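Shared between the two complexes below is subunit A, which pairs with subunit B and subunit C, respectively.
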Partner chain A sequence: MDSLLELEHLEVEFDTWDGRVRVLDGVSFSLAAGETLGIVGESGCGKSMTALAIMGLVPTPAGHITGGSIRFAGEDLVRAPQARLRQLRGNRIAMIFQEPMTSLNPVFTVGEQIAEAAREHLGLSGTESRHRSVEMLRAVHIPEAEKRVDEYPHQFSGGMRQRVMIAMALACEPQVLIADEPTTALDVTVQAQIFDLLQELRETKGTAIVLITHDMGAIAEMTDRVIVMYAGRRVEEGAVEDILDRPAHPYTRGLLACRPQLQLGKGAVRPALREIPGVVPPLHLLGRGCAFAERCPDAMPRCRDERPVETVVRAGHAAACWLLDERREAA
Partner chain B sequence: MSETLLSVGDLRVHFPLRRAMPFAPRRTVRAVDGVSFDVAPGTTFGIVGESGSGKTTIALAVMRLTDITGGRVALGGDELSALHGERLRAARKRVQMIFQDPYSSLNPRMRAGAIVEEPMQLMGLEDDAGRKARARELFTQVGLREDQLQLFPHQFSGGQRQRIGIARALATKPELVVCDEPVSALDVAIQAQILNLLTELQRQYGLTYLFISHDLGVVQYLCDEIAVMYLGRIVEQATREALFENPLHPYTWALLSAVPRLGRRRRGAASRIRLEGDPPSPINPPAGCRFSTRCPFAEARCRSEEPPLREVHAGHRIACHLVGEGGAVPHRPGLD
Partner chain C sequence: MGFVGWILRRLAWAAGLLLSVAVLNFSLMHMAPGDIVQTIVGEMGGASEETMAQLTKAYGLDRGFLDQLWIYVSRVAQGDLGYSYYFNRPVLGLILDRVPATVLLVFTALAVAIIAGTFLGVMSARYPASWLGALVTITALFGFSAPVFWSGLMLLLLFASVIPILPASGMYDVAQGATGIAYALDVAHHLVLPALTLAIIYLALYSRLARASMIEVLGSDYVRTARAKGLSENKVVFKHALRNAVLPVVTVAGLQFSAMLAGAVLVETVFTWPGMGQLAFESILRRDNQLILGILLLSAVLVIIGNLLTDLAYRFVDPRIRTDG
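Up next, the complex of A and B:
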């Protein structure tokens, strides 16, 4: 498969009061057209920063991309000038954010906000872009699109606002859609509607999706491949079946076990729950070893001294953990 | 149910809205509109529902933090809803609350120890030394260190702050603890730590929880009996086993089938009831069954006649015209 978006050893650093902190440390993945990639991890593990880096929106002056590359259709975005990024952003690569309440501008109608991208990137006239807005609102299943195109964000419910955000993001038919926790602020039945909509867009338009989430259930339902991040590092990557059924990294196993998973139907029992002790360490205090060692139930002395290298478990499934190395040596 | 600690009967909480214009008709938000349930001591009673279903308003009404329009709330025979002034204050030590947001529910200018001592001080429990000793004891019980008593809230992580909130709730040795979404503001990995702490404290002290949540996995983990709310009313109420094995109300089924699950790979849409639109407003709830505007099975009767909450099996109550005696359901039974 040809990859559309490719990250290689991406490094992002921030200047803070505690010194220079590496918030992304060698993140790599590739995304093919029509594929859905999940990025999962706790808050502060670098999921959203990865998304912002792809969009060329790392907050300056504190943050810098200090290494690695982001290739979109062969072009390196890290070295591309801002003007080029502006051409791509909202056009070829689009993003939807977690907070549908705050990511829309309250003083413009939703139609104007959707039309803006279409005018800017596709060169549509006022009337054409308005038609485009109505068409997009229909595509995201907003009833009475002709009427609602002239309404303001406060007249929409949370789920409807997220649909408007998606309509905005899709106005130029992007090849890549980055969805950063798109349903966290929504009710579960509305979340199901948004997931169905994203699936539909992927099937009809072939949009590649990067879904950022902390919910393994969403990963199971939406994605083809998954990367698990911890403290700015990629700790595991694999097909969704590998990650869910044969997780190789203790952190991935922890994430799967630390939320009670709903059990339904005959013989539904009370779900199991195993906590991950402790919290994500402050990034400026990371030692030389594995970032997860402090919280890992299986940590060995080596884990605290030496940073684990990525080990291939099976085709397309790799994890950065010394335990895998031990096992391989023992075998 | 033989023994009852908390008894809520036909509870109504209505909020009058300002008139849009001087002679416009009066409008009312019927946040909770006729809700009854009993909670046995030492158990956890869960209330689930989406935003606007009225679950938090029930919590506030039980705490007497909002005015009750009608109905009663009784705690072990004492009618909380009828108490006023000093007697209400005295009763408050028996009911305490754990809040959703561990950031805004702690006073940033108070030290953690003082936060935990404050409820005892307000209720006039123990002397100064006794309160300090109790705060130390509570800190250890919730998994914090004694030397952290001197710190301010901003020096703690979100999970630790929630532990302070729990310690504060337990300070007056309450019988009933109302937990309003106590883990939903916390990071995934931290949620399990707090849930396990709540379970452990309940086991140790025989606490009774009224647990409000929108997270069905969490509710299944923690609750013995569960009420599902929709627009200010209970639509289904059952034990944990019955509700998750055999949900009867179409709304419950829609809610349960909307939860993303690990076993359901990339075929979520096929196995769920798809609810169109958003819940209607509690200002003008639809006539008849309140769910009828979104229910895929609704018939003419559902739109005109409000279904009563009735018992179909022992301990399994449901408000739906379409569910037959003995629990024959209109929707595809069984969930994969």
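Up next, the complex of A and C:
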């Protein structure tokens, strides 16, 4: 399988008041053309930072990529100059964000904000890029696209704004789209519409998608493979059926137990979520062992002292947990 | 509710405001001790009872307060601002002669303060750890704490005496009698020092303001979106961020327009710039009440125009205001 985007042992560090903190610690995955990869994990586990690192947008001057590689179509983005990253951003690799309400610039029309990327990367003229904006607004099913292209973000609802963000991201037909919790800020009914739209665009345009979400339903429906992150580390990776039906890491099992058990129709209210007891530890206080040890129901003494290595559970399915090692040794 | 409706509402509001200002000014002036007859008599070095009675009658001072107020307001409504006894000319003409000089001074200073202040603020927000950031902080501290007349006098000393490259007073060289472009250049040359003096205090404030709002805007989600689009850093800063960062500067500039007008009084006096400020100074010295009232009223008109321009600028920069009516 040829991979389009490949992360290997990516490390990102931040200079903070508590000293140097490793926010991403050896994150790896690979994404083939047209494939959809899910990234799950609690808040603060480094999902957004992974996305920003791929975009070359790790916040400066505090943050740095300190190790590993990000290969896009064979080219290492970690060592590429900013000018090259700018050529790729919004063109070959695009991203949509969690907050549609604040992610659009309030003083420019949505048409201008979509057209801009097309002018920058495709060299379209003013009129051509405007046509492109209208076309993109239609593609994301915004009614009366010719009229709405000249309106400002505040004249759109949250769901409509996220559609505009998607139109903007897809304006140059990128090969990879990173969607960072695209529905978290939206109403439940609108959430389903946005996922449907992403699904449709993936099928028609063949864009590979990195989908970051807490919505296990969307993970089940849309993704091919999933990685589970905890405290900046990848703790499990596998095909979506394996992760959802046969999770190998206690953290993944905890996450899955948290999802709502009811099948929800449109407009239904979510039941209160169960949570894994405890919180993600502050990164500068992580010990030598497994980052999840403090909260793990099955933790052993070894877990606190030694960082678990990844164990292959079955083809394409691996997890970093000492329990798997014990079991294998027992067998 | 379109643009025309908005303008009409603003004009009606302005008329009401002007009326209240006229009434308030007149009442305050009436309450102040001493009246014009005493002043005139004082200048004449004494007068008979008879002359005083005549004068009192001529100026309408023998009537009740409300009568006097009514006469004043209805005259003002007809565009008659009264007569300056000191300059021996109608007040309106006297003021209108001086308005262009003041408007030129204030707007030049305002433009310099906004443009240079915003530019400095933006640069220091972009390169926070650089010497520029430090410069902005120091200028702001200095410019804001130094009184206008002091920085004016220092500039005068520097550029008119130590390095004599700029004229120290007046608006043009009487001797030259130039016309056309030569005249404009001459005025511009004379304008540099007073405009700079008036601008400094605001430049300091606006650069701080622009810096703070730019830092905030640069951390915003939509700037991240602009970066994610692959735009150059210049487009991100000067297109996406600047337009948003300049909003607070426009707001504060509008609020301070009247303060700037007040500052112009001092600056015009220091540089003998022939504007309304200088006229106001003299009118108070001479107790020329009608002239004082006229100047106060016209200042109110200028402030209202300034606020209107601010709102227009705001509507231009921020579409959220435009489309919400």
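Going forward, the second predicted complex is superposed on the first by the 317 of 331 C-alpha atoms of A that agree within 3 Å, B and C clash if a C-alpha of one lies under 4 Å from a C-alpha of the other, contacts with A are read in each partner's own complex, and residues count from 1 in each chain.
Operating definition for what follows: a contact is a pair of C-beta atoms (placed from the backbone, for glycine too) under 8 Å apart; a residue touches a chain by one contact, two chains touch by 3 or more.
Computed from a predicted structure; not experimentally measured.
Chemist: With both structures placed on chain A, which of the two partners, subunit B or subunit C, ends up touching more residues of subunit A?
Modeler: With both complexes superposed on chain A, more residues of subunit A are touched by B.
Chemist: Tell me the contact category for A:His154 with respect to subunit B and subunit C: first, second, both or neither.
Modeler: second
Chemist: Quick one: classify A:Asn105 as touching subunit B (first), subunit C (second), both or neither.
Modeler: second
Chemist: Looking at A:Met55, would you say it contacts subunit B, subunit C, both, or neither? Reply first, second, both or neither.
Modeler: second
Chemist: Once the two structures are superposed, pull the subunit A residues common to the subunit B and subunit C interfaces.
Modeler: Shared contact residues on subunit A (touching subunit B in one complex, subunit C in the other): none at all.
Chemist: Could you list, by residue number, the parts of subunit C that touch subunit A in their complex?
Modeler: So the residues of subunit C in touch with subunit A come to 220-222, 224-232, 240, 243-244, 317-320, 323.
Chemist: If we count contacts the way the header does, which residues on subunit A are in touch with subunit C in the complex?
Modeler: 55, 57, 86-91, 94-95, 97, 99, 102-109, 113, 116-117, 120-121, 152, 154-155, 165, 168
Chemist: Using the touch definition up top, name the residues of subunit B that touch subunit A in the complex.
Modeler: 50-51, 157, 159, 187-193, 195-196, 214, 216-218, 220-221, 240-241, 244-245, 254-266, 268-269, 272, 274-278, 334-336
Chemist: For a test of understanding, state which residues of subunit A touch subunit B in their complex under the given definition.
Modeler: My answer: residues 42-43, 143, 157-160, 187-193, 195-196, 199, 214-218, 220-224, 240-241, 244, 254-268, 270-271, 273-277, 279-280.
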